[in-house]
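Some structures to go through are shown next.
Here come two complexes built around chain A, the first alongside chain B, the second alongside chain C.
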Partner chain A sequence: MTARTSAPDGRRVVPNPRPRPDRDRWLGVAFVAPQVLGVIVLGVVPFLFVIWYSLNEWRPLTGEMEFTGLGNYSRLFADPTFSASVVASLFFSAGVLVLNLVIAISLAVLLNRRMKGITAFRTIFFSPVVVSVVAWSVTWGFLLAPNGGINGALKVLGIDGPSWLADSSTALISLVVVQVFKGVGMNMVLFLAALQSVPEEIREAAQLDGATPWKSFWSITVPMIAPTILLTGILTTIGSLEVFAPVQLLTDGGPGNATNVLPFFLYRTAFVSQQFGYASAIGVVLFAIILALTMLQWTSRRKWVHDEV
Partner chain B sequence: MTTVTLYVLLVVASLPFLYPTLWMIFSSFKPANEIFLQPPTLLPKEWTLDGFAQVFTAQPFLRQYGNSMYIAVVVTLASILLSAMAGYAFARIRFPLRNAAFTLMLATMMVPTEVTIIPIFTAVRAMGLTNTHWPLIILPIFGPTAVVSVFIFRQHFLSFPKEYEEAARLDGVSRAGVFFRIALPLATPAVAAVGIMAFLRSFNMYFEALIFLRTPENFTLGLAITRYQDFYGEQMWNTQLGAASLTVVPILVVFLIAQKQFVQGLAQTGLKG
Partner chain C sequence: MRATRSRRAAIALTGVLALFLSACSGGDTGESGPADLKMALWSSNKDHLALLKKVGDAYVAEHGDTVKSITFEPVTNPDYIAGLTTQIAGGDIPDLAWIPEASGPEFVDAGVLHDVRDTLKGTDGYKLDDILPAALAPWQDDKGGVYAYPFSNSPFALYVNEDLLKTAGQPDVAALVGTPDYTWQKISDIAAATHGKTKAVGLNIPTFNPTNWSAVTMLAGGWGATPWSEDGSTCEFASPEMTEYLTWYQKQISRGAIPAVSGNAEPAAFASGDVAFSIAQLSQSGSLDDSFKWSFLPLPAGPKGYHPIVGQAGVSVLERGTHKEQAADFLAYLTNPTNAELLAQFFPPPRKSLLNVETLAKAAPKLSPEAIQSAIIDVVPEAKVKSQHRVLSQFSDKVRAGLDSVWSGGDVKAAVTGICEQISPTLKG
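Let's turn to the complex of A and B:
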């Protein structure tokens, strides 16, 4: 305890303003408790259950649950739908990651200047973020239909467009495009914030030294926003591996299994064909992929991110 | 790059961002047979409210609107308060296992709801809460998706000047008082960013709604939009677009008013890294 003294006017003063560690400690625990317990009860515990379920054959309709060890996994790795699903997920994720970062950084660089109307453009590029994912998907469904807006525009140019969502060579790419335009505005704003923390003098100095805009972008801008690239890269990868609504609303996993990404495959296995054990094994694989890709990006940071995040 | 080329570039680039939303809004004023007209047009040739006529009669749309709004408001307010408390404690208070708890939270961000939905579904069913709004309220407030909000507040409070707090402590204000009366009220940018993100996350919730909700009276908007069908099971295209527009326009208007706050909020919270 700290010693108390009296001020001349008789008011109590605390001469040592350091926080009293004992009471603060409990306040800290109390403040984080709802969220920490929340992620344990709604994240960690269900995840342990998923691992347990994945080792069982479990059909909720009959209520039977039977321990089968790695049976679900050996069945999964022999299932052609599963391999198609992994390919679709990885392709989707890679496409979204690359396009999203390239477009977000390009837009941020273009918009990072004082110019008439620049705020309006920022608002336009950000606006799909606030449109609900269902409204956005439904609208693109119309635009991508065989007789929809995009093919109509192509026809004016004399091109016969494919049926984007029904053709296995274009369906997944179409979903990538729908996802990228929906979410890239969020990353653009984060990159704008990062660019605004790059001191103007550094770029001016580089220009005086005769660096081309392209050169100064790669050797000054990119290194300075590298922590943001890492963070948005990880968040975008996780987000793209979770994609569900556009797939269900636009392609229903088809044609064939071309767009049957892992979350959608899991949903169908669990809630349409009622195989909870098998679906749990899909969930474990989905988590393993997210973990592997996150770790890959996180450990690669030493090579290209100089500041610590 | 000259100013003119930059403007031309920006206008072209903005088309895929702007056009779908405009097309959705204008097409909801078209008669059904004009939606797939070739060549396609943005503006209706003939303006009509036919599409909207059935938005409210084919489904209990007002009720569904109310469901989405009250869930989103509860989720937003609770998310701001709880994630600010957690973020403040992680940034400013020393307590046992602080780093372990924070690492655990960050790690759960890698576990999407889709992965854990089966045990969550069986638990919700066992508690008799299927077809209620409880899972749609509890999951986004307390679940792993809330971790980003905690992270934003933690980053914000890490850079919050210590002097304000020390002055208050000298005046005898308790630590909790410092948080509620000084730190939180001054955290406007972080509150704005977390508030808008939590609202949008809740308003966008589709997967969970699809799993848990059964009857149209309990649907949220995302689910409702997809269920506009006539007696023959045919999609009611213009009604669907009308309903979608009615869900999008109010949020767009709020965003246009508040967008400066939001962008600043994201920029100042240190989510930039």
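Let's turn to the complex of A and C:
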């Protein structure tokens, strides 16, 4: 069989160069190899080590390691501090997810219009994203102090504010607020990009058909930005389940175990209580929770994300 | 063909993992000849480092055949022990380390520290018996082994802002010292009155935040309370004495004598001039100037008497270090009477021969000789080290969580009962 040299209409066709599948394959492998190696060495291998450590009692000071099988896990599920940590983590994550997405979409809709100074507004709302999390948390520490800025403002209105970070009924909510305002700008930018890809003609057509702005938003805008909602939802859930710095800087897990979220509980167990094996078990469970929630969101996309099957 | 390719891939992956694991393994390099010693420090103060380097250089000059260099490495983790533990777990084990007193029994019990008794006793002119027995006790085991030199042995005292008290129309506290009126109750009354009149902080415990709960419970000795029994096996948080003390403490918060706990925030500094009383060690005097009149007094008495407290730090040789003998020899040199006097310019010494106004005035030149005598020298021989436990790190967080409700006005009895339920299994081992 020979390569075709002329088209059916008689025009001469230059034959394609001979495909070289082996060369292309190895070139592809060479391009992805550094990344794959990085993921294996810095992600997969450490994670396998963590699983192994979680099956052992490891005393870091003496270097002794004793295989205990699932002992750390059975201890973990009987530990009331762990239960409190799971509850705190899930509450924190749910609070951040809902507030972040609602505020980010609202801001994106408000700022997705042509008006004077719109860039300045967008910059203002995005700026917390680029501020160091430490500086952000310390500043909020001053604002939330018993004699801080927020209570000062409330006092002007004749209200005695609580000790936001020392009261178990307000500490976790305070952390949710700190985290939401830190990260909402990033999601706002993603939603702005998504909104700008929604064809204006569809909205205009809906308007001509008599749809109210609210109806138009729910029936046209939301379905069309649903892929972005899915993406931001997954990223925000993962990020909020891994929160650490604001907890350490503002509450140290307290009062009681009100803000002792899983990553912080893991850190204190490993590096303060010096129980590395037990802390590894917490890490494995945290990974499982994040994986389960991510899979749940990912598989649910078929029911609500535009064009997903 | 496919099988061959899979085999090649498996071999390549195994090679990568083997390379990775061997790179991670670290361990003894098996080097011979003069050692490069490394000492982990909590302080990164440049004057402390300069002094240690000076002593280290002098030692290397004299002992070049056994030690060719000594490196002093501040561990910069905010939680020093967490940083040191991580370093040790990672196989990067320093030869010597600065160990805070709270971790002393745990490190000794776990066999982390090397017994240096014979080295210290056998060093010419060392005079081991010059070290105060009470200062050395936390670093010894039942067999008389010595696991650290307590280079810093600093009693807690009461700083008083005299100008602030005068503005608030309060009495001269210095005049109360030595009288039956010099009590915690009297001091907290003055603190509450000062706070009420000036809005300044009353009685401040600078190192206290919810995590550092031992800074509060260390004062419970004045009420005859301890957090656990002397042998460490029984929880004593729920004892009537501790309950009485914590109830008193809680009341002082509610009436403004002691500032309320605010998340993880540190209380205001005494040096700001906006704090009436502050419990701290003599090194705090270095941050004070003449912007207000202040005094440095011994701690007051509780209902069950006077209970002086000392905070300590020891310098130890690590058992898993690769140059134990050389490190122990350097420890003996670093803490011999001559160099101990040099260290005393920053840290109150545990040596009886150095417990004098002249030596301590170098560490705290802003303190009067009378203050040094009454608040340090008279106190040190009878002072007790803060409560310690051989597995403190394993239950410290549970106590922290349990006490939080006390700081916010919750039921004290329920809180201490809950703490004992939580930590008793750990205490009993």
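The definition used in the following text is that the second predicted complex is superposed on the first by the 285 of 309 C-alpha atoms of A that agree within 3 Å, B and C clash if a C-alpha of one lies under 4 Å from a C-alpha of the other, contacts with A are read in each partner's own complex, and residues count from 1 in each chain.
Quick note on the criterion: a contact is a pair of C-beta atoms (placed from the backbone, for glycine too) under 8 Å apart; a residue touches a chain by one contact, two chains touch by 3 or more.
Since we're looking at a predicted model, the values are computed, not measured.
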item: Which superposed partner A:L165 touches (first chain B, second chain C, both, neither); value: second
item: First (chain B), second (chain C), both or neither touched by A:V41; value: both
item: First (chain B), second (chain C), both or neither touched by A:N260; value: second
item: Which of chain B and chain C A:T68 touches, first, second, both or neither; value: neither
item: Which superposed partner A:L249 touches (first chain B, second chain C, both, neither); value: both
item: Which superposed partner A:R59 touches (first chain B, second chain C, both, neither); value: second
item: First, second, both or neither for A:N112, with chain B first and chain C second; value: neither
item: Partner chain(s) touched by A:Q297 [first = chain B, second = chain C, both, neither]; value: neither
item: Comparing the two partners chain B and chain C, which touches a greater set of residues in chain A; value: B
item: Contacts of A:Q275 with chain B and chain C, given as first, second, both or neither; value: second
item: Touching both chain C and chain B, counted on chain A across the two superposed complexes; value: 37, 40-41, 45, 60, 145, 248-249, 271, 276
item: Parts of chain A lying in touch with chain B, wherever the complex brings them together; value: 12-14, 17, 19, 21, 23-29, 31-32, 34-47, 49-50, 53, 60, 107, 110-111, 115, 117, 121-136, 138-140, 142-143, 145, 147-149, 152-153, 155-156, 177, 181, 185, 189-190, 192-194, 196-197, 227-228, 230-231, 235, 238, 241-242, 244-245, 248-249, 262-263, 266-267, 270-271, 276, 279-280, 283-284, 286-287, 290-291, 294, 307, 309
item: Residues of chain B defined as touching chain A within the complex; value: 3, 6-7, 9-10, 13-14, 16-18, 20-21, 23-24, 27, 35-36, 38-40, 82-83, 85-86, 88-90, 93-96, 98, 101, 104-105, 108-123, 138-139, 141-144, 146-148, 150, 166, 169-170, 172, 175-176, 179, 200, 203-204, 206-207, 210-211, 221-223, 225-226, 237, 240-241, 244-245, 247-248, 251-252, 255-256, 259, 263, 266-268, 271-273
item: Touching residues (chain side chain A, partner chain C) in the complex; value: 37, 40-41, 45, 58-63, 81, 141, 144-146, 163-168, 171, 248-257, 260, 268, 271-276
item: Sites on chain C touched by chain A in the complex; value: 13, 16-17, 20, 79, 81-82, 85-86, 88-89, 107, 110-112, 209-211, 260-265, 320, 393-394, 396-398, 400-402, 404-405, 407-408
